[in-house]
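Here you go, one structure.
Letters A, B, C and D mark the chains as written, and numbering starts fresh at 1 in each.
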Amino acid sequence: MNGKLRKQIGAIATWVLTFILMVIICVPGLWVVLTAFRPNGEVLAKPPVWIPDNPSLNNFAKIFGFGADQVAIPVPAYFANSLIIALTSTAIALLIGMSGGYAFARYRFRFKNGLFLGLMLSRTVPGIALSLPIFMIWSRIGLIDAKLGLIIVYVALNVPFTIWLIDGFFRQIPKEMSEAAQVDGCTRWQAFWKIEFPLAKSGIASAGIFAFLTSWNEYALASNLTRSTDSKTLPVGLMDFTAQFTIDWAGMSAMAVIIIIPALILTFLVQKHLIAGLTFGGVKG
Amino acid sequence: MTKMTFRKLLAATALTGITATAVVAEEVDYGKFDGYTLRVKLIGGAQYEPLYARIAEWEAMTGATVDVLSRKNHFELDREIKQDIAAGTLDWCVGSNHTSFAPQYGSIYIDLNGVIADATLAEFQSLALENSTVDGRLVQLPRHSDISNLYYIKSLFEDADNQAKFEAEYGYALTPPETWDQVKDQAMFFADAPTFYGTQFVGKDEAITGRFYELLIANGGALFDDDWNPTFNSAAGVEAVNFFKDLYEAQAVPAGSLNYLWDDTGLGFASGTVALNLDWAGWASFFNDPENSKIAGDIGLVRAPKGSAGIRTGWSGSHSFSITETCDNQAAAASFVTFLTSHESQMVEATAGLLPTRAAVWDDAKAQFTADGNNFLVEVFETYAVSMSEDAFTPPLITPWIEVSNEIWPQLQAAILGEKTPQEALDEAADAARIVMEDAGYL
Amino acid sequence: MAEIKLNNVIKRYGKTEVVHGINLDIAHNEFVVLVGPSGCGKSTTLRMIAGLEDISDGTVSIGPGVVNDLPPRKRNISMVFQNYALYPHMSVRENLGFGLKIAKQDEATITARVDEAADILGLDELLERTPAELSGGQRQRVAMGRAIVRHPEAFLFDEPLSNLDAKLRVQMRTEIKKLHQKVKTTVVYVTHDQVEAMTLADRIVVMKDGHIEQVGTPMKVFNHPVNTFVASFIGSPPMNLLPATITGADVVFADGKSLPVPTRLADRVRDGQEVIFGLRPDDLTPVGHGIAESGDSARLTLDVTLSELLGTETILYTSIAGQEAQGKMFGAREVAPGETLEFDVAMDRAHLFDAATGKSVRVD
Amino acid sequence: MATKRPPFWQREQYTPFLLLLPAILTLLFVVLLPLLFSLYTSFTGYRLIRPESLWQWIGFRNYQRIFADGDFWTAFGRTIIFLTIALNLEFLFGLGIALLINKITWGQRTLRTIMMFPMMFSPILVGYQFKFVFNDNIGILNNALQSLGLSDGAIPWLVDKYLANFSIIFAEVWMSTSVFAILLLAGLFAMPRDPLEAAKVDGCNPWQVFRHITLPFLMPFVFIAMTIRSLDVARAYDIVDVMTGGGPAGRTELLWTLIARTGYDNARMGQANAMAYVSILLSIAFTYYFFTKLLAARKYMGGAE
């Protein structure tokens, strides 16, 4: 076999393998998306119907309460809750993360490594182990079924990783930038906001995306801490489709699509930052 | 009082109830609670929601406002209520409840005797009320009941070819089954895995415990003796386990059965790939709806078959409403639950195929189905009316029921999968159940 | 413009002391260069003057007052960093005007001052570019421009040329010198490159291990190093330092070769003293190839092991008593390895250091 | 002349602690405080539906009970195996995907975006999705295999001892591989060309180049990915809970599902918290292990600290 042929075969093999991998990655998700557009009967058809015969927006109409047989699942309220909770907790986590990340990136102090490790380890506590004690404490101070209660939990959930990523990004910015600004007449605070913050912006944005995705998708804690439309989030709302005896697969898929779309849009918009975020923040820090 | 006497009593009261109540339904005075906000936790889900459309009516009548704190399926609601007990956040008045869950909640719910007018209670089927009573306290007002009967695909049984082949193989005629042994034969006969199955069963959680339990009773066994010693590891218990195991091994049920819950079996039957299906009344309309079901118009229904002791399986329970001890306006709460279980309310649910707990609603609903020309639902209601009155029994109304169930079902699975012999599995479950009962103070 | 005074300045990190009590007075408009190998504390000292490091002990004053507890922005200094520290998200114009903007100067003043600085440094064409679009030399110039727009009391330079290639470095060196002549400000300049120090400084401060070794004009430091460290650090190629013993009136090397004790040092040594004989390569030239005849000279015959032709001069590698020594030859001619030449030793420019202390036997 | 000392919050040595204060306070409040509470309850006979049992101190009995419980140790061992297999598979597939995508020049951006697709999914959604995919009767996997003629039976993906564990691992791997792929891809991008070329000149074949040059260079990235992943491995709880709930017959029971059932369904919170503590220690051990590796890796890559 000559070299050229071998190279061509190699290229083709690469493509085929990639294609198979992409199919494995896409098909389960795609099936959910397609199911959102089919009647329930078709979901369970045997043999399976791959492309919906009569794609319709019925499932969406149903969960948004249009049409005759509406299912009273208050998706708009859940959506609003999810959005408010995810955005607020992300914003707070970013502020706290910036402050903490800056401390780790720019200062030398006692217990630094220990503190960093401690922060990281706090993230590893399984949600299921935290859910009841948090519930008991939250209920004493009136944070059950309140958006604030969930926001606080998500902030704590996101802070460690946010600090880690942002720490990495601040380390990318030469210390001299801030020093130059201070010599130029800035206070440390001004130097931070006018010089270091704008430079770390993309990193902070990527940390924000991770925080947002975590909050947006979290289920175990939310299912314990939320009760009603005051605070229920979309993933918890997903359970509304599982009644005592039935699961409305099609409705559930429609809701799944509603959950995924904002995450997907966000990711498409900032995918470059997302990769950069993991890379610089995590690796080079 | 034994179960048999209950049943006789019920049959009597049911009859008198029908004649007495038909007219008075809407003359109940629901009271005035202007400005009061009633906080409630309701079960959610497509079958349960239509009733809640009536809440606005109650609000208009009484001047009160209803604040629905949660609306979840019952397993979720159960977890939430346990959390409320733990955290002392029982700051609500009315909660959805269920026969299987009610005993766990101890004294958080009030005794409705005396709170709900005796005249109102008299309109309910007495068995339903009896099953809602824990330690002599009526802790819940039943909303609708449930029991399973056997659905089957009619055309399979009418097919002459099938009839001939079956008789040749098993020596008796192919007719809708009367005993579980016949179900086993027929299921194996029809099965053609993986495209077609003879029957199916739910395979995990309290669902399979319940199915095992009713077959245990049908085979003449019992979960506990009179002193609450576990006795389900008896010959009747082994026979019950073997029923599931044989079907599973013969591939007469779907291979994934042990991971199935009600939605899987219901949807499976609707997909037209299962011959016989023991299922709840709530599914009837779904099975006969051409939009959701491939077997619409081809469904037969018989009473649940008999076990080896000649008893029919009849695991039953009710969805219900309870009022908390901590409720700040029990009168309003009582008015609310009375309204949601009124004749009119139950008609709303009955027309959707849910089994009423008021005696009169059975007949009125049937009359309406007849008027609508819905012969299938008439048949359904007739069949379920009989089984509700003659076959129904509940799991033991004891606090640790769910815990006991959680000890039993993994062992059932292990036995069905052949990891243990049925006797070993049941013995282990019985030992574990004994510890649970000891911990709970029953032994 | 201001004078800068360092009074017994000490820097500690935790328990480690890295700067051990520096005393230094810098006059108005003086160009002082701190020079030394890396880790000698020169940058730390500069950063303490700038206010970027806490002063652990002692005082720093700029102008009339002690500035120990003033943040950098209140010290009225400006600084050029080794990697320029230009703000990448701002144009050159914004970079230059940033300090003035922070000081809330009005637009007109900012524009005028930026244009003035741009004019001085020839940045007029580059004002609208971002730092990423500039070459190394241009960035360097912007960094300097940023320093001068603010008309500070003093300029601090932290190894500003070390990121440039050799040619550019020479060019920028000249520009800095010119700039200083133009704007006349006190300058503290840190470098590890002794050539920069020699060419730029009014006064050189040689540092080592957190201590000042010698302070003086370039001429003084070059011609009269106080110890072997300064002697070897200043000057390129470095001074040959050869162990020897004073025997009578001679400096005797281990292999028996000897030279007379330089006349001007004769009364500073005693018989039998262990010394280091210091001689710059320029002062070890093959006979006939020196720049100028020395008044007080001696001869040595040495084997050349290697020669490096640099153009007008040639470096000759040889050894004295097993120690490598370098000589210089002016006026090119071929030298074959192994060739034996007779060298002229300029004894009036030779140095003697005490072997035990490393200190020069005579400091003028 | 002496200037006055600034107030303590402006002093350099306190600044980092002040900056970290919000983070520390949040975590104390949301993580440590609840953990202390649950630590206490693990020494009581606390049952969810009996609030008064919170004061019933029983010492180490919960721990004695779970340590003597074979089911607990089985779940414990299975959790470790689950994590080990899942993390290693995620690493291998992530590496494979990264290498493939690194080779492809045309359409790489699109591929990278597709690769991140599963990261958008809520774990509970992933659970439902794969519960459906692996359904023996109506699941698309069995149906696809049957229509392709690869299988003529209904494979009980969620019931069979090996297949059920395979299925939950598959779902977990599907969800989390992209984290590895992204990081390793970044590592490949950062890889200097010179050593690769030097190795080729030195006569290495492609495998040897990979084994001796590429892989060692990527190792720090692997540890970082492992650390990031180990921070939230317990997210797999949602998936397993939905797909199998730990069954059948406890074949897929992990510590987390066991804890949830003991604590909520059986209402034995004290005992559940004792188990939770063991699982927390396990998580911490995993993270700590990778974290120390990570610090070493960072040093190796020339970062600060």
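Note that in this section a contact is a pair of C-beta atoms (placed from the backbone, for glycine too) under 8 Å apart; a residue touches a chain by one contact, two chains touch by 3 or more.
From a predicted model like this one, the values you see are computed outputs, not experimental measurements.
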By count of C-beta pairs in contact, what is the leading chain pair? A-D
With centres defined as the mean of Cα atoms, the chain at greatest distance from chain D is chain C
How many angstrom lie between the CA centroids of chain A and chain C, rounded to a whole number? 55
Report the inter-chain centroid distance for chain B and chain D in whole angstrom, where each centroid is the mean of the CA atoms. 39
Chain A-chain D separation of Cα centroids, rounded to whole Å: 15
Give the residues of chain A that touch two or more other chains, as numbers and ranges in rising order. 44-46, 132, 136
Where chain C touches two or more other chains simultaneously, the residues are none
Indicate the residues of chain D shared as contacts by at least two other chains. 12, 48, 137-138, 146, 269
Under the definition above, what is the set of chain A residues touching chain B in their complex? 39-41, 44-46, 71-72, 132, 135-136, 139-140, 144-145, 223-224, 227-228, 239-240, 242-248
For the complex, give me every residue of chain B touching chain D. 79, 82-83, 85-86, 88, 104-106, 193-194, 197, 203-205, 254-259, 264, 267-268, 271, 273, 399, 402-403, 406, 410-411, 413-414, 417, 419
State the interface residues of chain A toward chain C in the complex, per the touch definition above. 108, 174, 176-177, 179-188, 190, 194-195, 198-199
Contacting residues of chain C [partner chain A, same complex]: 13, 50-52, 71-73, 77-79, 81-83, 85, 87-89, 98-99, 102-103, 146, 150, 156
Name, in rising order, each residue of chain B that touches chain A in their complex. 41, 43-49, 52, 68-74, 76, 79-80, 83-84, 86-89, 195, 261-263, 266-268, 270-271, 273, 280, 282-283, 286, 291-294, 319
